[in-house]
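Structures are listed in the sections that come next.
Note that subunit A is present in both complexes that follow, paired respectively with subunit B and with subunit C.
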Partner chain A sequence: MKKTPLPIPRISLLWLLVAQVLVILPHLFHLPVWIGGLWLVCATWRIQVFRQRTNYPGGLTKAFMLIAAAAGVYASRGSLMGLDAGVALLVSTFLLKLVELKTRRDALVLVFLGFFTVLTSYLFDDGLPAALYSLLPVTALLAALIGLQQSGLSDKPWPTLRLAGSLLLQAVPLMLVLFVLFPRLGPLWSVPMPGTGGSRGLAESMTPGDIAELSQSSALAFRASFAGPIPPRRDLYWRALTFEQFDGRRWSQLDEMTRSRPDWRPEGPSLSYSIVMQASGQPWLFALDTATTDLEHTRQMGDFRLQRRRPVDQSLLYSVTSWPQARREVQGSPRLDVALQLPDHGNPRARQWAAELKARHGGDPQGLVDDLLGHFAREEYYYTLKPPLAGEDTVDHFLFDTRRGFCAHYAGAMTFVLRAAGIPARVVAGYQGGEVNPAGNYVQVNQFDAHAWVEYWLPGHGWISADPTFQVAPTRIEQGLQQALPAEDTFLADAPLSPLRYRHVEWLNQLRLSWDNLNYTWQRKVLGYQGAEQLKLLESWFGNVDPARIGMILLACLGLLFGGLALVLLKPWKRPHDPLLRQYRRFERLLARQGVRRGAGEGPLAFAERAALALPGQAAEIRAFAQRFAHQRYADAAADPAALRRLLGRLRRQLPWRPWWRTGNASAGVRGG
Partner chain B sequence: MRTQLESCLAAVNQVLLGKDRQVRLALACLLARGHLLLEDLPGMGKTTLSHALARVLGLSYQRIQFTSDLLPGDILGTSVFNRDNGQFIFHPGPIFAELVLADEINRATPKSQSALLEAMEERQVTIEGATRPLPEPFFVIATQNPVSQGGTFALPESQLDRFLMRISLGYPARAAEKALLLGEARRDLLPRLEPVLDHAALARIQAEVPGIHASEAVIDYVLRLVEATRSQPAFALGLSPRGSLALLAAARAWAMLAGRDYVIPEDVQAVLPAVAGHRLRDAADPAGHGGGALVQWLLREVTPF
Partner chain C sequence: MSSRLFASRRERWLAKRIPPARQVRLDQRRIFILPTREGLLFGVALLVMLLAAINYQNSLAYGLTFLLLSLGLITILHTWRNLAGLQLAAGEAPPVFAGEQACFRVRLQSSGRAHSGIALGWPPAALQRLDVAADGSGEVELFLPAGQRGWLRAPRLRVESRFPLGLLVAWSWVDLDLAALVYPRPVSGELPPAGGVGEDDDEPGSAAQRSGVDDFQGLRPWQSGDSRRRLHWKAWSRGQGLLVKDFTELHSHDLWLDFDSLGGDREARLSLLCHWVVHLTAHGQPFGLRLPGVSRPPALGGAQRDLCLRDLALFGLPAAAQGRQP
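Then we have the complex of A and B:
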């Protein structure tokens, strides 16, 4: 039997158009521009169809539009695969569906596609504002869905919206239960994360200019909350990675040398803190020296950095314990050779100076290091984000000619000289300091806090950190980059609107800190609530946690929730007290299972006549029950529910068995008392 | 008693073919001591129905053709001076019959209309200071032509309310009309109708109608119906208490015609269009005749349980 397709009510179309705008709005930031044009064309076309000014496009036109959209995606993304291109393709099909929106079925497809598209926007932005915003398109989609289903509301926009909103509110407890209890499954397949492009923090190798460039970015790198008090700013050296190899211009790390486990022992007081880092696209994590973490697939590398097996593509929460006073590799290690590596030639003046220093201090390497640091403090060196261009011999040029540089210049030069003087040394890259947020008691570290310092090895002491930048510009370490560069207008020169530039405006700064605190809480408590965090919470609530138990708790919660909902909706305390009426309701349910439902206004005998016509085999029993019921209820006769029950039983035996879930809502309409 | 009523219906149905339901409603209306408003086009059998009812029930029958120059005296009667004994003698008007057909009631002036309607309500007339009771039983069937409204005085709501029921006969079904064309002229059949009931039997039956049992469940249903007309925004005005009384009385009469001594919701539903249709006004069109659609809404949406 072919059913005639159901048309789309006007209000549903309206809500669909609204929902579509809301759904694609957050995508517009990363989608090609022509998608907006495509939406305009499709929406205009559909509206004109609705106004009967034009017709639906034919098959050829539709095929052309689809191919054009796919070609557009290919042209702007270079592929039809991958996340970026996939989402672009999804959104364009979501828009194209509009022009073939004829029947209710099409509208349903569009609504469900819309829900999916809302979901994909989380892949690009999972912050609190984005999450709150996504409630809007979801509400509009629900309203469109209601407009499709509810003929009574099909021409009233606001009741539809109100119903959608209340549906959403009713779903909140369910959402909370699922959020807390539902196990987070690992991805079934690897989703390639969208590249945000441009610099996202420290890279695998470093020229001095790299960090200066990073200092222009106000993007967030990570936030750290401490279990105890926050250590002073000058102790916050967040290690990311080390550079051991120098080719005369560029420092880079030696991969094979970092695989083995380093030799160290916890010593002195420890610091416990947790870090939420933003996606960096790199595998290394940030931590204070010397750190351990219990994050899975993560280990300490040979140069004391923490590294995860996979790159950090989404914001990541991990907890760290650091022992700042731990002594590292006191006994030496095979890596010491690498820490003495220098290019075969170049920078003769620096080498010569290193030889002089070595001669002067002979067997006292610590004296040599102190002399070297004192040299930076004594002589005229300047801290600047705009160093002059380096010449052929970068270290020489910086040390003896320009004397202007950024942390990377100082760290690089110092390491070079130490190595030339025979002391194993390496450059450590990471972040220094950060901004303490008093509202949330955490440290926020931005990309402009990127820093480089030096680590050298002394027999009997192991690795020791030293920061030549501190000698030149102590304010950089103690107060921050902005304070260290008062004369230069280079701080965040590329981001004139960044609120970080207006830290001196008190209320603006307060607002920014509070907002940041809110985002951080969201990241830590909501996005970070998975894996170990989830397990920890569940264990503190339910004790020993195993999958079966979690399943039971989940089922129990859902049962409670649905039970409560059923109570509120069905109101069993409002069920008829009248025993006759109760029997009649059973009669109704019995017949409803056979597909015969009483209309709201239908009287008992009229309904029985209709049911008898529909079920001629049981006509006698149906009539008998209805007549007995009518007689007992309406005549001046004594109520005898037992007789009704007997008649009902006879009818039930006569009827073919149908499962209870085939029953519909038998008594719709105005409810009587 | 039931057989008597059944044979009454059968006798009228012989004359008025294929209008079983309307005949039954008219009889129910009469048994409930109400008056009937017939609204239909000319030639649909309004006169035949009223005449046949009068014959079958053994009632005296008078017909008043309402025209614009009809005076109250033409309906109620006048006193005429008798020269022989020098006294005024009252000549009763056509209203002093047991069944009065007021044909095309909306053609007369409101003054004449109200003369009739007052008599209907009071069941007595006061002429020149003397109050004269109308015969018992007293039953008025008024007719209206809904189409040609030129020069007519439509009955106001307050007057419509005095009719227990308003029904329209409608076109006959094809089979009924064929039988009509094949058979004798209906007017010729009328004189041959034998009275089935006498006055005493009719009075007894009428007295039994209020005794038909209406359970609390049915009364609750009537109340729900009435409440719906008063609370739902589609209704310009709700049913008055007189309306709910009328509904219950008509339902009782209908139950009696069905041979039951108790009222079921289906009885209420059967008489609801006739009883409530002319008392309801659609809020969107308060002057028009939206009652029928509203009644259908009531039947569909208000649950009897």
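Then we have the complex of A and C:
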């Protein structure tokens, strides 16, 4: 027998419309603008269909709309592959499905598509506010699901919403158990990641302008929590990558540097800390020198940086152990000649100055370096984010003419001179410093903390770091960028509303730090709860963690919670009560308040007669109730508690109001009479 | 063959688990629960979401997947609870003629909690839906085609609920011992003259006239089935209520509907007799009924009509089928 498809109740359609808005709202930040227009068209069309002003689209129209949406995605994303385009397609389908929403089955598909669309929004923003917000569309989708049921409750929006909310609340304990105990697997296959609008932060090559641009960004780069006390700010040089290649204008990295493993020996005390970095779109991680990590698919590269096999497309939590005093490549390295490369010509003054320095210091390269650093400290150099435009020979121009620049200028120039003087050297790019958050005891590093410094190699010592910027602007290193530029007012000049600009306002700063701490905790405890972190937590709770045991614990916890919820919901200890008897008890209480109490063993009719005599004004109502009750209870008439309730209400209105605390006196009076 | 075997075994199992009763309270022994097709689709959606969560290593995606999974799990409790504690009681089922729809009333009574979206009926026919408020009750009328005369025993009644999310269905098969008496299908036709009714007896006027010449017995209160022609309008206008002029027909004029005097097969005869019982009662004509083994002396009124129709309905059926009282 073929069933006719069930139509969609009006209320459910309304819920679906609301849910759709809530679902696509967070997507509007990264989807093409026309998606909003598409939603308007679809919603209007569906409402007009509902008002019977127009018809459902035909097959041809539907096909056309689908193709148009796909073409729109292709036009705005340049592809139909990839996560961005995929999500745009998903959202388009989700919207178009609304127009052809006819049967309950369609509505169901729409609801499930909605859940999936909410899930994809997490791939673009998984912050705490986004997570909390997503409860709204989920609740609305649930309400739509309830609205699809044919029941009187579904027609009322508030009870529906309340039911949806209470279902969600009841699901939370089970969800937490599953979240904590469900084993986290590695990715089963590789999936397209969200394009974050190009990579953020440091890039594979550097001109001074790049760093200047970064220093205008208040975006978060990463946060680091130390096991012990946080080292002083001036020691926080977070390495990201190194630049070996100079073409006269631009420093860039050399691919072969990244391949081989370097030779180094841990020495001195070590530092343990964990870092949660934001998505950067680049494979390298941030760490203090010299770092090791046990993160999967990650290793130390030839220039001591940490690099992951895949780019960091989502925020990433990893633990690092660093040996700041480690000795690196003391025996030299076959790649040292790379650290001496210079363009064939250009910057003659710098080369000449290097020759002079080399002549002066002869066989004492360390003396040469000290002299060079001292030069920056002694002479009139200025630290500024607004250097004059560079000429043809950028190094010459900076070193001898303008003498104004920021870290990239100083590091680039120093490396150039060292190489010209025959000392292997390279530019290290990364971040310097960071803001200590006292609320959470961690260091927060923003993009404007981006920094470049120098690393040079001496025989018998290995690689040594040096920071020419420190000679020029020690406040930049010891306090931060904002403090180093008090007069310039260039700090975050493009973002007048950034709370980072208002660090001097005490309460605002407190608020910002607390909020940041909350976000960091969220990132570490919730978003970072993956493979290794889960193992660590479960080991601390249950000792050894073999899968079978965790599975048993998971099932036991689920069973316990489910049983507990069943007890609360079903209340098996509560005897099924008799609705008739309940009304009769109310009747008795009502009369008792007037001083008439049923004697033990007194039948309902006899009692009613006595009560009618005691309360002659209400005799008719008393008898009516008692007779109806006896009729329903003993004479096999259909039980109808609602009728009894009505009769009882009538009686109550007839009776004089008497508060319960005065019933004692009244009863004495009646009995006396 | 095997499906029939299965059906009968299932029937026996159900009869043991949920024995027939006029009143049934749904409890854990009587409620079954399974996912619906929508629920399976939901499961597939969850699987896809879990795959996305694993591949993207996204904690929030895991969270949402687990939240929805937990929701599916606790819906088991809610769907089950929505049916548990509901009391079903058989209401009356008025007799019908064969070929009509028999109507069974079923009363639903809550015992403390509200029951939403309860559906009752006999699949594959569409189920009737209603809500029962907390401490409230409701009544549904269910219809079954009445094919043959005799007792129409309703099959086991399916009670189900998919509330709140439609992902699961909780159901029960209850036997409320619902039965309706089905009279033979009335078929008009001629009665042979031997029956004592004139050839033109179809004409109501003659019947009324004849009864007019019978002895006037007195007045008695009106009861349903009495002819309006016999109403004592004068008494009514005096405010004495509806009275009917009662006549006793002389024995020689008694009208007997006699099974043996008719031709045709048994069912055709019963149908004809059925028609005449209805017709004569409607026209205020007293009659007697003679069936092999049964004889109803002539009388008039609703009671006579019901007795005779019952005789006709159950005539010749096995005793087991007759013994059933409504």
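We take it that the second predicted complex is superposed on the first by the 565 of 673 C-alpha atoms of A that agree within 3 Å, B and C clash if a C-alpha of one lies under 4 Å from a C-alpha of the other, contacts with A are read in each partner's own complex, and residues count from 1 in each chain.
Just so it is clear, a residue touches a chain if its C-beta (ideal position, glycine included) is under 8 Å from a C-beta of that chain, and two chains touch if they have at least 3 such contacts.
Bear in mind that the values here come from a model prediction, so they are computed numbers and not experimental data.
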Where does A:584 make contact in the superposed view: on subunit B (first), on subunit C (second), on both, or on neither? first
Applying the document's definition of touch, where does A:634 land relative to subunit B and subunit C: first, second, both, or neither? first
Of the partners subunit B and subunit C, which touch A:548 in the superposed model: first, second, both, neither? neither
Which partner reaches more residues of subunit A (counting touched residues only), subunit B or subunit C: C
If we overlay the two complexes on their shared chain A, which of subunit B and subunit C does A:599 touch? Say first, second, both or neither. first
Which superposed partner A:33 touches (first subunit B, second subunit C, both, neither): neither
Which partner does A:118 reach: the first (subunit B), the second (subunit C), both, or neither? second
With the two complexes superposed on chain A, say which partner A:565 touches: subunit B (first), subunit C (second), both, or neither. second
Is A:314 contacted by the first partner subunit B, the second partner subunit C, both or neither? second
So which bits of subunit A does subunit B touch that subunit C touches too? 576
What does subunit A use to touch subunit B in their complex? 576, 581, 584, 599-606, 630-631, 633-636, 667, 669-673
Contact set on subunit A toward subunit C in their complex: 1, 108-109, 112, 115-116, 118-120, 122-123, 126, 130-131, 134, 138, 142, 145-146, 148-154, 163, 167-168, 170-175, 178-179, 182, 184-191, 193, 314, 526-530, 558, 562, 565-566, 569-570, 574, 576-579, 582, 638-642
Could you list, by residue number, the parts of subunit B that touch subunit A in their complex? 213, 215, 217-218, 220-221, 224, 228, 260-266, 269, 298-305
Considering the complex alone, what residue numbers of subunit C touch subunit A? 25, 38, 41-42, 45, 48-49, 51-71, 73-75, 77-78, 81, 84-85, 89, 91, 107, 109-112, 114, 116-117, 119, 124, 129, 131, 135-137, 162-166
